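These notes concern the structure reproduced below.
Chains here go by letter, A, B, C and D, matching the order in which they are written, and residues are numbered from 1 within each.
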Amino acid sequence: MAYDVRNRLSEVRRIFHRLPEPGWREFRTTAQVVAELEEIGVDEIAVGREALSTDERMAVPSESELEPWFERARDADVREDILERTAGGHTGVVAVLEQGDGPTVGLRVDLDAISMEESSADDHRPAAEGFRSEHEGYMHACGHDAHIAIALGTLEAVKDSDFSGTFKVFFQPAEEISGGGKAMAKGGYVDDVDYLFALHIGLDHPSGEIVAGIEKPLAMAHLTATFEGASAHAGKAPNEGGNAMQASATAIQNAYAIPRHSDGMTRVNIGHIEGGTASNVIAEEITIEAEVRGETTGLMEYMRTELERVLYAAAEMHDCDVTPRIISESPRADSDPELRNLVAAVARETVGVDRIVETTPFGVSEDVTYLMERVQQGGGLASYMLVGSDHPTNHHTPTFDIDESSLEIGVSVITDAILECSRRRP
Amino acid sequence: MAYDVRNRLSEVRRIFHRLPEPGWREFRTTAQVVAELEEIGVDEIAVGREALSTDERMAVPSESELEPWFERARDADVREDILERTAGGHTGVVAVLEQGDGPTVGLRVDLDAISMEESSADDHRPAAEGFRSEHEGYMHACGHDAHIAIALGTLEAVKDSDFSGTFKVFFQPAEEISGGGKAMAKGGYVDDVDYLFALHIGLDHPSGEIVAGIEKPLAMAHLTATFEGASAHAGKAPNEGGNAMQASATAIQNAYAIPRHSDGMTRVNIGHIEGGTASNVIAEEITIEAEVRGETTGLMEYMRTELERVLYAAAEMHDCDVTPRIISESPRADSDPELRNLVAAVARETVGVDRIVETTPFGVSEDVTYLMERVQQGGGLASYMLVGSDHPTNHHTPTFDIDESSLEIGVSVITDAILECSRRRP
Amino acid sequence: MAYDVRNRLSEVRRIFHRLPEPGWREFRTTAQVVAELEEIGVDEIAVGREALSTDERMAVPSESELEPWFERARDADVREDILERTAGGHTGVVAVLEQGDGPTVGLRVDLDAISMEESSADDHRPAAEGFRSEHEGYMHACGHDAHIAIALGTLEAVKDSDFSGTFKVFFQPAEEISGGGKAMAKGGYVDDVDYLFALHIGLDHPSGEIVAGIEKPLAMAHLTATFEGASAHAGKAPNEGGNAMQASATAIQNAYAIPRHSDGMTRVNIGHIEGGTASNVIAEEITIEAEVRGETTGLMEYMRTELERVLYAAAEMHDCDVTPRIISESPRADSDPELRNLVAAVARETVGVDRIVETTPFGVSEDVTYLMERVQQGGGLASYMLVGSDHPTNHHTPTFDIDESSLEIGVSVITDAILECSRRRP
Amino acid sequence: MAYDVRNRLSEVRRIFHRLPEPGWREFRTTAQVVAELEEIGVDEIAVGREALSTDERMAVPSESELEPWFERARDADVREDILERTAGGHTGVVAVLEQGDGPTVGLRVDLDAISMEESSADDHRPAAEGFRSEHEGYMHACGHDAHIAIALGTLEAVKDSDFSGTFKVFFQPAEEISGGGKAMAKGGYVDDVDYLFALHIGLDHPSGEIVAGIEKPLAMAHLTATFEGASAHAGKAPNEGGNAMQASATAIQNAYAIPRHSDGMTRVNIGHIEGGTASNVIAEEITIEAEVRGETTGLMEYMRTELERVLYAAAEMHDCDVTPRIISESPRADSDPELRNLVAAVARETVGVDRIVETTPFGVSEDVTYLMERVQQGGGLASYMLVGSDHPTNHHTPTFDIDESSLEIGVSVITDAILECSRRRP
């Protein structure tokens, strides 16, 4: 057989590791996924616009931010038909394998990298072994390269197996900025999924450990708000301005003071601020970037509503305008215990797995919840599992790396879980 | 001659010193003024309701606060016809002397005392010489007793003089709480005044010094605001309340941060706060007492408007209601240079005056400005003069006292100024 | 047998219901408990000082607050020897029954009432049936009267049983203000307890329901802080004061904004504020009452430490002093699963119990945790159970009442649990 | 005569108008001034380092900000000896004319332009007549080009006159950023000045009007402060960071709330803020730019001290560090009435002057006050005059321009004032 991803999981992962692209700019990544899919051979490949609901995309960068990445892809000889379908921030792929009667099983992975300079230290394996990022200032520092490799390996394994049913792999763009989940969930391909799997590698779980399905990811909304007042000379006419600086300070103080909620955990943060011109000018415009989270979607919405109330009142207090703008959002969705149990059962039989955790609270946000929610609302089951992998340093650090031996474990557990679903039928 | 206040200025001042009554509760004081006026003999005595515009009174205490003072006056055998006219917080008197053709000249003094326990120390003259306050907890600690004595002495002197015209003396209630000025200004008697004099004793000016007319009193508004939210158990349901505590803290922080104004000096203060029930309950109600001032009436109004904006926005931010309520207010009005010059000129000739200051910024508020403003708007002139008097300790302290020799100087300067007006005719 | 509390549980409860006394002022209540204990006959009765660690008492009222209640007790002919031992805020009792070899089992109940006017409506049973509060303005609105009745009934039942061991009943004062738990925990009598039971009636659990042992009470600290600055005239010298108003507003805003904690639920509230004198005076002194809570003792301590940091920095910022003072505090302590199971098992056999809840999160604070912590640190087991009882309106409302049929159920379950402990031996 | 600036004042002004350079980067401007001085012929030309106290320079840009302007000057063939003396941000010139016995008279003008795109509209004369800025993004929008022309014209006029004494012209750099005044004041050349003149053109005074000497410029300090905390994941570990965002918001709110001062006008502004990374990260670092002003140097220092107290306490409150850094500062210095009178007297005789204002409050800051203060402390006199000039739009706007006819008026008044000083002798 000419193509065998399973035997070259490391190699595939390293191809993607070298080509990190940030959210909605995964043009080369999309093309490379398509190329791998064509090698494997699947029944349908939906690319970009075909795989997404355009209007449901969130946090899409401006044209000027998309452009250089698009051009870089073109310069790297990405096929024109792919470029066409991904233009304007429409990255991502859905692959479909039709293999007889049976349930529809889905697997979702994510494509995007983050903005971070990868280490070139000798003891950083990607640097030492020549697969460090070729896109300076960007890096697969979260492990999505591994996710892609596992998805491709699983696809090939399922194809070669006696799986009976339909298998769909969702290569989702823009996970880091919570921008792609909703667009893919509303893209049509998720609608008939009976069993959905998703995964993350590492996250402080060592090689050999499997978490059968996480619970309690946080619902999240990321928003910006620009306070617009009026400038004035701070010495000569301090009373004439509408002071966006005072408005934003009042808003920030009160945002952190939004009451805790009896129903559970909430979070609020103002993570970035910028504005004003000079020390002697009343600030006309200040922009803040904020985030609210909640243990449930309802709690997140409570925080978002309260934050908006604070923003509007702070603006009113200082004769400014403000319009909060939601950049991205994700709901809460938990792994179904039934599917978690299935994963745990097959993992127990998997070579290389030496510890199984049934579930663990996730504590952060992940926009796979849009896909999980859609499946669950349709009567299906979903589980977001963790594939342990020793990592020398934390995710999102310049020296992050994974233990590539965990790639094969991931493929095995997921493939076996998929086969088990096939046997059960819904 | 049976009655000669000028020869007994000290005695008269001491009668009033013994009977301090706070704003709108000067029932005995009013009766005593009437008694003195009847001794002197004047053409008209308007008492209480007759002298005031009822609806323009500000900072009127509640019935339960008025009652004990009213009863005390009744117990002291105050005449029923006086009680009737002053009932319900309608203290104050206007005395009118008609003495032929000529201008209408006014003199305004104030009647009220403050809430303060007077010293009973041996070196505090009122204690040592037996004219300490008989109303425990209240004291003429600002010198209004001296003002009354000077006004009565001046009235007698004018009556005995060749003054030709009409002379009106305004015994205004509730100056300390800026409550009576507007009501007296709108009471009708001020309308035809051509020249208005007002005075204050002491204020760090030594005996023998006369300030011909102050300038730049601050315009002022005193207001209260009650934030009304909803209580909730702070442990079990922190999100359910409308937190009046947070609303008031936000309001206070932002009130002090109201921008300074290019047109001149402004002030803001929150001087009292009270509210909430227990540490484990979200505060349902908090009341603050605030004050704004400005170098001009416009600046005061700028501060009041901005403060109200802050209050409303802070309430909105924390899901509370708030209704600011103006308790009292006074505009800015300056002494007219022309009348100041007249005062300075006569003072130069007055025995006992050894230093004349033409004008000085006042720096605080005084609701005589309502009367001054009314006179000036009608084309008349007004001057608020200071009669120096050594005082052992500051005004508004338990050991405040005046140098009684300054009473006669005050009478002389004012009487001569009035006679000079009479000569000039308007 | 002359005395049978079990047959007159309602009657006993109503005696106490008529005599509500607030924390550290349960002088008549203490005396009445002693009287009942003497009727029953026990081996030792420790009263007041004998039962408590004086220095560990918290939230003790001032002498002037204690005095009227002490006098009222004296007027009601409370025995002098009891008054002596409870004087100065030393209420409470420990009763000891020695009944052969075996474990030491404890039962803790609480004595105090709250400040609330009891309803006199016809449909409020205590009013209708003549056992409404005789102490106007105070009321057993939380059910502690029922707790006392259950404790006495249990004591009598245990005495009459084949219980072998030592049985101690802790009648703890000042639970509502979290003031008595620590003092009783450090009083010596808890030290050798092997099994400790505590209970609460009602709390939205219907008659017939038993919660075998609550978990997750909140750790709590209640504190006050007085900001002390310097007053000044807000118009003439706004820069001269140390503005306690600004300091407290800054503190309040930042207190609510203390970051949420990754380890679990936290709470903070400023529930009362008072200070300042007049609107035109920079506030010299402001006092706030605050409370922090945490899901664990550590989380509460995090909040307390951060709150103190906020208070000190806010004072420093506005040139004020502040000294936070802890009024009362309670740790977190959970019911032991083993003892919960024992309670659940005996409850299953109890007539009148139709629903058993193994555990429930408590969500508020209770200073019984000091006694539980002490027992658990000594190797013993503790469980805080809930005895369901229909109540027409919420706890802490003027029409609160209980279903008296639940008193007997409480006695039965607790007695059987105690006997079961006796059989097991530690 | 080969060189006659007075006849070509417009031409000279336009040369400088075309070459706007911001503070400490006036390399070409310095060279051009030197060239003009050499044409006129003076006794001493001190350039850059020779004219300044290096250590007293404030607000000096970083090397990378200086570099492009330095290179641009080199590319424009500025003489190497000038470049050498101005390298590293040492722009500015002092010219000295020795002309016999007599007083030392000084004239100070400023060299720098501001960052602003100049209008290219047809009705903007510099655009229409071909002398618009050649340095895109920078513009002489305050009139310093006119100041230079007037200074050169005056120098030539004084040289040609019967002036007896020493005349020094101070071409000060970096006025707009209050960076150069102190360095030039401490550079040595000011030390023996008996009479110092300075000027500003326009400022809403029409052509033909002269203000003999302004008073009450505001003392000013410009500072930055960076709050440094610790970042943390806002969802997973909100309690772990030191939140620079909260610290700065608290600081800003309280900065604006620094109490007004009884001694006079104060100002505070936070005009720029920037910091934090992403919405889900606790902000580690936030930088603010602030400014305080006061009617007197003492009031400015009060504000600076209070602001620093606020900054430190806000940092402490949120477990951050902060170090305020003074960028630039200027004291208050008033025009001496005696010298103002002299200017007014000569202006009355000047052709083209049709209105003389003796003095006017300045209301903003100007670092010439360092030079004035030095002269006045040495017993000399100083006056900062305004030369009226119609200007179509406000200073610091893209269409600012002057009425060039006022250049000659300026030269005449100042020259005559200098000659008058020479006659008086100190």
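Convention: contacts are C-beta pairs under 8 Å (C-beta built on N, C-alpha and C of every residue); 3 or more make two chains touch, one makes a residue touch a chain.
What you see is a predicted model; the values in this text were computed from it and never measured.
Identification of common neighbours of subunit C and subunit D yields A, B.
The interface holding more C-beta pairs in contact, when B-D is weighed against B-C, is B-C.
For the two copies, subunit A and subunit B, the CA superposition rotation is 180 degrees, given to the nearest 5. Chain centres were defined as the mean of their Cα atoms; on that basis the chain farthest from subunit D turns out to be C. Centres computed as Cα averages put subunit A at a distance of 70 Å from subunit B.
We define each chain's centre as the mean of its Cα atoms; on that basis subunit B and subunit C are separated by 53 Å. Subunit D has its Cα centroid 49 Å from the Cα centroid of subunit B.
Counting partners per residue, subunit B has 236, 238, 243, 246, 250, 253-254, 256-257, 259-260, 262, 267, 363 as the residues that reach two or more other chains. Residues 253-254, 256-257, 259-260, 262, 265-267, 363 of subunit C are the ones touching subunit A in the complex. Against subunit D, the residues of subunit C that register as touching in their complex are 236-241, 243, 246, 250, 253-254, 257, 259-263, 302, 309-310, 312-314, 316-319. Subunit D makes touch with subunit A in their complex at residues 218, 220, 222-223, 233-236, 238, 243, 245-246, 248-250, 252-253, 256, 267, 269-283, 286, 289-291, 293, 327, 363-365.
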